[in-house]
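Which chain is which? They are A, B and C, in the order written, and residues in each are numbered from 1.
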Amino acid sequence: MSTHPGPRARLAGGLLFWYAVLGGAFAWAVHLLAGWGVDELTCAAGSEHVAGLPLRVVVGAAVVLPALATVGALLAAALLWRRTAAAPHDGRDRSVGRSRMLAVVGIWSNLLFLTIIVLGGVALLVLPPCQR
Amino acid sequence: MSTTTAPASGASRDDLARLEEHWGERASVRAWFTTVDHKKIGRRYLVTAGLFFALAGLSALAMRTQLARPEARLLSPQEYNQLFTMHGTAMIFLFATPMLFGFGNFLVPLLIGSRDMAFPKLNALGYWVFLFAGLFMWASLPFGAAPNGGWFAYVPLTAEQNTPGLHLDVYSLGLLFLGIATTAGSINFIVTALKLRAPGMSLNRVPLFVWAIVATGFMVIFALPALNLDNAMLFLDRRFGTHFFDPGAGGNVLLWQHLFWIFGHPDVYIIVMPALGIVSAVLPAFTRRGVVGYPLIVLAIVSISIISFGVWVHHMFATGLPQLSYSFFSAASTIITIPSGIQIFAWLATMALGRLVVRVPLLFVIGFVVTFVLGGLTGTMFALTAFDQQVTDSYFVVAHFHYVLIGGAVFPMLAGIYYWLPKMTGRMYHEGLGRWAFWLVFTGMHVTFFPMHLYGLFGMPRRVYTYRSEAGWDGWNLVSTVGSYVLALGLLLVLAGVVHAVRRGRPAPPDPWGGDSLEWSTESPPKPYNFPVLPRVHSLHPTWDEPSRESMGAGARPDRVLAEGRRTLFTSELDGRRERAVEMPEASVQPLVLALAMLTFFTAMLFAWYPVAAVAAVAVAVTMAVWLWPPRRPAEQVGVSA
Amino acid sequence: MSGGVTAATGAEALTTELPVGRSTGWWGMVMFVVTEATLFACLLGSYFYLRFQYGAQWPPPGIGEPKLLRPLVMTAVLLPSSLPVVWAEHGIRRGERWRLRSGLAATLLLGVTFLALQASEYAEKLREFTMTTDAYGSLFYVITGFHGLHVLVGLTMVGWLLAASLRGGSFGAHRHDRVRNAAIYWHFVDVVWAAILFTVYLSPRL
């Protein structure tokens, strides 16, 4: 690395770091609240459509879009892990050590959340949305 | 490996004298009411939580005595209802979390190499509020007005027309009051861990116990509001006639359950997480190595904390919601077992790869593994909706949660008590007595609760004050009761051991166990200022590594001694880079005054003395305004042109 | 553009320390706001939960759809009140006490106006329904009332800051943490109002 990143690049890098670590968790939270909320409230109101769209499609979107966001977070975590493979010698070793550990956390965490979301998708394929 | 003599301090005698002058609190009545020392506050939390544990435990013994035989007449149904409600409520809210916050309060500043918590006066407030809220709730029992709707107080049973009287107003107001302490404590732990770590302690060098307490703090921040809202709505419905839970007027009874379990499930992890942190803290000393797989345990702590918010509907599998809804929660409930399992395997690997040193703390850790894993097994069974619907509300549930709570929280606490007793009191416990206590507690626990799996499957429902002989549950219930007395005896021996150690135990050296973390680099008990020289941390095991130890001895520098004033260091959030030295608050009576004003408010609300409540609310506001009022400073210091 | 992506995904940018350098008071206020925000989220969630269980007509028969004029005026008064606070804070960062005092006073005025408008809304609505009428009434008054309580607390903080700023030696270029932390709380109160406007007043019309 011959040049140091400017403030904008640092901000983007810092945000990308957090996306790598917590992106899957956040996407899963959205998936759960949207999927469960829409299913519960629509069925309670006695309907199987949301704003003209079939309930299955809407819940499906609440599965697919968060799943894609989680895959993105997983890739970001993998990138972070690769970038922190070498220990630097310029006094930033704590930042790199800290980032590498959290990259490991991010990779496995995003895999866990992806699994939960995919399992929810399987349920959607198998069960009718309002069956009690 | 640390030495057994006191760490050679790099601070001069002058420095030590000045530190003592700024941080020391001479014992007096006033000092007792105004202290902000995190170590004193932590010990008070432990003792007070222990008191509430004893009260809740005696309630349980009364219940077990009643259930020893069919159709016993020791307790009336109304008395029984109050006892099981207070047992559950007090164990969860007044014992488990406060006891673990007590450990946290004592240990966190020591573990991170600091001199106090980020908000010392807020810390004191948290203790007083906890004490007053606990007394507020228990005081109702002698008057026969204790909460009686179960620890989760489902509506419509707990609505005013079905349960009149003060019982559930004590419940809702008491928990709202206590919630102030829990929230304050959680914010304090989070901010302390973010800003007050010793220089060099980047996040990948933070002890696992601190990770666990901070994750717990975050869970409280997000979960407690749901409970607070639920209790506020219940109080409004009961006292002022609102209709949140009244189906006849557009309300919904399941709203209570959803909000309750959105809090309630994370709450079980709020209870267990710091306890698992204790296990990670205790193991290195008794396996002579660091815990295996540090990043994976951090992963487990973080992911469990988050996933715990997405499983709550598994407490409602029998309420008739759409199956697709159930599936989302069933998926998360199944996956959460993976990070839980990772921790167990990491600890087992640590024990297998290390060199075991068998002392009482390790015995309780092993007891924890056995018991908690069994509880986890039945927990996985509950994740399957179909099975859950068969055993819901039976003694099988009671068995499960006592296995995970006693296994997952009480055993680690007991390990922690024996492990840190020398550090907290400067005295060693008696090893033989401790072992007797362990075996009685372990045996008593399993004899009490294992049969509950069986008679739960045989059909005995929970929360019944008696049962008929025809059902065939008699013998098993008697076994459970005998077990409960053995358990009580074991716990009594723990108490006796602690009291004996404090009065007549052998004086303890600074580091009796050869521990790896920073508290073992202080005196036993630590001086009021914790560290004469704040350390510069170079690894995950600072008391085991030479450069870190040297930074407190020969490598000490005045900018880490900070003897002029009552000061500690702030460092950066993620990487622990030194930022500045900061002056910390001294002893003050404001926390006690504020807590008393709050107690007045909640008591007045309970008895419907609304004008008094209004005055108390104003007193609360005024006390806070005075507490936070900015100090007056000279113009150049504050930064204005004179 | 690609140079920017390379820089942002390089090791040095990715391992940037972020967040960094905040004070303990800042973190404490942020955590407090997070927990209060969660409480409002649960409250608004309860609104939708009860509403979608209720049936086709919402508000229930006997209660009219909430009129929009006054809430929109209240919004126009409250949301911009964040601006004088920001202006006041930037001023005291440069040591300009007059900016601090006048900014806080302006916010106080706007906030009090908001509460007065809310009182007049209650005066009108209480003739139609109270919080004991049905679940809608309970939700309406508890949601808006709880928010109003937060506005009152926020105004107390602003008033307290104003009082402290009138005395010399409280705030300046090197000492303004309390101002920023109170500002965080005030901005939070504004954002919650926007969510309430959407939930209680606009969503029945969707």
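Keep this in mind: contacts are C-beta pairs under 8 Å (C-beta built on N, C-alpha and C of every residue); 3 or more make two chains touch, one makes a residue touch a chain.
Here the structure is a predicted model, which means the values were calculated and not measured.
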| item | value |
| --- | --- |
| Centre-most chain [mean C-alpha coordinates] | B |
| Longest centre-to-centre distance from chain C, chain (CA-based) | B |
| Distance from chain B to chain A - Cα centre to Cα centre, in angstrom | 31 |
| Between chain C and chain A, distance of the C-alpha-averaged centres to the nearest whole Å | 29 |
| Per-residue overlap in chain C, given as positions that touch at least 2 other chains | 17-18, 49, 53 |
| Overlap residues in chain A, where contacts from two or more other chains coincide | 95, 98 |
| Junction residues of chain B, two or more chains touched | 574-575, 577 |
| Residues of chain A defined as touching chain B within the complex | 25, 28-29, 32, 35-36, 39-40, 43, 59, 94-95, 97-98, 100-102, 104-105, 108-109, 112, 115-116, 119-120, 123-124, 127-132 |
| In the complex with chain C, residue positions of chain B that touch it | 118-119, 183, 186-187, 190-191, 194-196, 221-222, 224-226, 228-229, 233, 236-237, 240-244, 246, 249-252, 255, 258-259, 262, 570, 572-575, 577, 579, 621, 625, 628-630, 632-635, 637-641 |
| In the complex with chain C, residue positions of chain A that touch it | 1, 4-6, 8-18, 37, 41-42, 44-45, 79-80, 83-84, 86, 88, 92, 95-96, 98-99 |
| Chain C - residues contacting chain A, complex | 4, 7-18, 48-49, 52-53, 55 |
| Sites on chain C touched by chain B in the complex | 17-24, 27-28, 31-32, 34-36, 38-39, 41-43, 46, 49-50, 53-54, 60, 95, 97, 131-139, 142, 156, 160, 164, 167-175, 178 |
